Amino acid sequence: MDYVTVRNITKKPKLENPLFIEGLPGIGNVGKLAVEHLVDSVKASKFAELYCKDFPPQVFINSDGTTELVKNEFYYWKAKKKNQRDLVLLTGDYQGLSSQGQYELVEKILDIVEDIGVKEMFTLGGYGLGHEIKNPKVLCATTDKHLVKKMKKYGAIFRKNEPGGGIVGASGLLLGLGKLRGFEGTCFMGETPGYLVDPKSAKAVLKILMKITNVDVNLSALEEKAKEIEQIAQQLREIEGTSLDKTEDLKYIG
Amino acid sequence: MDYVTVRNITKKPKLENPLFIEGLPGIGNVGKLAVEHLVDSVKASKFAELYCKDFPPQVFINSDGTTELVKNEFYYWKAKKKNQRDLVLLTGDYQGLSSQGQYELVEKILDIVEDIGVKEMFTLGGYGLGHEIKNPKVLCATTDKHLVKKMKKYGAIFRKNEPGGGIVGASGLLLGLGKLRGFEGTCFMGETPGYLVDPKSAKAVLKILMKITNVDVNLSALEEKAKEIEQIAQQLREIEGTSLDKTEDLKYIG
Amino acid sequence: MDYVTVRNITKKPKLENPLFIEGLPGIGNVGKLAVEHLVDSVKASKFAELYCKDFPPQVFINSDGTTELVKNEFYYWKAKKKNQRDLVLLTGDYQGLSSQGQYELVEKILDIVEDIGVKEMFTLGGYGLGHEIKNPKVLCATTDKHLVKKMKKYGAIFRKNEPGGGIVGASGLLLGLGKLRGFEGTCFMGETPGYLVDPKSAKAVLKILMKITNVDVNLSALEEKAKEIEQIAQQLREIEGTSLDKTEDLKYIG
Amino acid sequence: MDYVTVRNITKKPKLENPLFIEGLPGIGNVGKLAVEHLVDSVKASKFAELYCKDFPPQVFINSDGTTELVKNEFYYWKAKKKNQRDLVLLTGDYQGLSSQGQYELVEKILDIVEDIGVKEMFTLGGYGLGHEIKNPKVLCATTDKHLVKKMKKYGAIFRKNEPGGGIVGASGLLLGLGKLRGFEGTCFMGETPGYLVDPKSAKAVLKILMKITNVDVNLSALEEKAKEIEQIAQQLREIEGTSLDKTEDLKYIG
């Protein structure tokens, strides 16, 4: 096993000018929720898994009692209509634990998507506000100036100096290292309190992606989950008698 | 010295379709206690030691004043009866300290046992409950679905979503990385409060292993140890006037 | 991407007996402020960037919404007058996060500057006092004894046993590893409270460098920033009713 | 620069059956004090320095203002009398910071001393008691059983199960990894409160070494230092009104 190991599930998919969309765990799990939902909704096909020595030494247990080594997963989806594009989707259990691990992992991810023709990408994450929010906006940052203007048209917003700490984690590094290879990329960051997983923020991010990709995603499952989380948050507010307004260290984006 | 170094004590044992059983330190030291007891009881023979740069830089001091570099130890035992199978046993002072170290070490362990013909394994650990328990059950998780059913027949139980955090450490990683090589494996997790070493839980695990392997293990030494620990626990309860019910971070399994 | 990766922006500059001046982030950001100001003031040209797997996995967001992978930057400036010397300047977003990363990065920096003819260097940092100071002095330490005397003539001071912990970080390591290659070097440490970025201390350091290099630097921008910081410090004193006199762990120099 | 880099100061010394004595920083700095004192007293000659990427990225500042990269230092001393043996001495600023660094460093140290003929070694450290002690004893642990008996004759003592945590750090690892190469070795651990550097404990260790090596060491400098430290300890007791009896995590030996 290499530091990062690719395990092919199918042979290399043949894709035409595919868009790459990443959603790994991070604040509010916004990116992960969005991509998992997208994978389920369009019935994308898994074609590869990544294992990494910088992931925790851990297996998860499936509902049938079998174990699963922690990993990242690549999916693809072929366009059904003329105004759509093929998609490559990435989600997973973890990001790298260390700085070096993050760099190694992102380099390997870029190798894989470059090899199947990706030149453009969207990386998804949450932007932790530390307070509750009714209608989460979606902030964006991009590898190239012309993309900022374009993304605003799809409903993303850009606020100068936000997030002040930049973008930490795979969502940022994919843009940074991707640009060195000539990729164009945009990071969408859904506003989120950041305390709990946030399907509402993931939905806001997906709505913009739907406009960009012309892919119809059934958002009902995500809406259902959002209601459950809202109930849990309500219960927490009541039990703890706290508005959950204070938080620290929520600037990690994913 | 390599990152992980193998030191052969005897030449490679010739074994027939051996079962591999791992018990390294972890919560309640359940796995380590079980395998050490098994080694003593069947008088298994040490055939190799592992040193690793991810172990602490440490020697232990034997009762005669001599020093021992911290290590992992491999033993083998040859079947005496027709209904038994040859065994390969692993125990030791430490698991790897870092994620990468755990992966490297488990890969090396798999190399070694694969080389002597292992295709099936049992990994042993504790499942930390954070509260005391009269009759510890033994949970299981397996690489393959058919094994869950089989292990239930031997008295192991399976509870959906337990342990919620999966299995962290060598016991989990051996299954995860082993499966990628085509190994079948089962992790047995003895329920344990998790505060102290727990011979009672180790005994529960061994009893299931005895049924599976048809190897008779004299459990009296373990029962003796269990009584001593029960006395210590009783004293702690009296002195501290605490029921020791609260604990954190006990989900590590080993 | 290597552990440390060089990205050339222009072809290798042809320089004559250049002086190398380093100012990376550190206490009070004294070194970084000084070199950034110097780069702006003399309009130095960027010729290379360094990326490193030991930097945080992070991009910053420019004011136009585009992302920038965290990095270190090399600039050069050609002497305009006979009493001046060519300059090579280094600043950046981060130092290495780990010990090993710092060593790797500094070795690569030395490779680069050695390759363009550097034999002498100045490394700039702050000396954290933990209390406020009206007129920050500039302490020095050097690779060679004759340099101490020389630097005193330019207004730097040397106090025995200060800083007691030596010089931690790139500013120290450049001298230490540079000396092994035959470089001469001096570290200037501007006294600073260490709570906030400190343009006043950076100015003190630059004034000495101006005498040494015969390069005229317009200090007004730095003075402006110093006033702003002084106002912020004043507000903090009022709000917190504290003289900010106590601090710990401020011995890192940069 | 390699992970561990050797810089030869003189050509390889030609020694006859030399004894190796290590004293790196650790609890009470007992080992370092003892070896530094021995180096000074017998006027040993430095023949090599070690730099390591696992040391802190740091230079110290000499009293003349020049910088010194942190390092380990090897000295040798040639026997003057028939009943003496050549000595190889090691001291330095740091041990490795990480587990892996410690293993790498100790392996390199063993390479060096093996290359000049060492087959026997003494490693020196402190045994932190966490309380004050009038007449510090010197505990020992050895690679081979026959050495325990021998060392007792020289005044070292052996107490079963002490130190309970074994020996952590270079002093332990040198014995552990050295034994794998066929070295014989003894670790002497001077009892020490562990709060402050402890010349009294270092003296106790040196006295035993003097008997073993038949080398006369003038202990007056160490006694002088011990008096100073005793005064400081006395002042601390008065100021803090505390007997300094409680401490944790003092089991590191060095």
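So that you can tell them apart, the chains are marked A, B, C and D in the order they are listed, and the count of residues begins at 1 in each.
Criterion: a residue touches a chain if its C-beta (ideal position, glycine included) is under 8 Å from a C-beta of that chain, and two chains touch if they have at least 3 such contacts.
All values derive from a computational prediction rather than experimental measurement.
Asker: Is it true that over half of the residue numbers where subunit A touches subunit B are used by both copies, so same, or is it different?
Answerer: Homomeric contact, different residues on each side for the most part.
Asker: In angstrom, rounded to a whole number, how far apart do the mean CA points of subunit A and subunit B lie?
Answerer: Chain centroid spacing, subunit A to subunit B, equals 37 Å.
Asker: Provide the C-alpha centroid distance between subunit B and subunit C, rounded to the nearest whole angstrom.
Answerer: 53
Asker: Quick one: which residues in subunit A touch 2 or more of the other chains?
Answerer: Within subunit A, no residue touches at least two other chains.
Asker: Report the complete set of touching chain pairs.
Answerer: Applying the touch criterion to every chain pair yields A-B, A-C, B-D, C-D.
Asker: Going by the contact rule set out above, which residues of subunit B touch subunit A in the complex?
Answerer: Touching subunit A from subunit B are residues 96, 99-100, 102-104, 106-107, 140-145, 148, 158, 160-163, 165-170, 172-173, 175-177, 179-180, 187.
Asker: Of all residues in subunit D, which touch subunit C in the complex?
Answerer: That would be residues 1, 3, 7, 51, 53-61, 63-70, 97 of subunit D.
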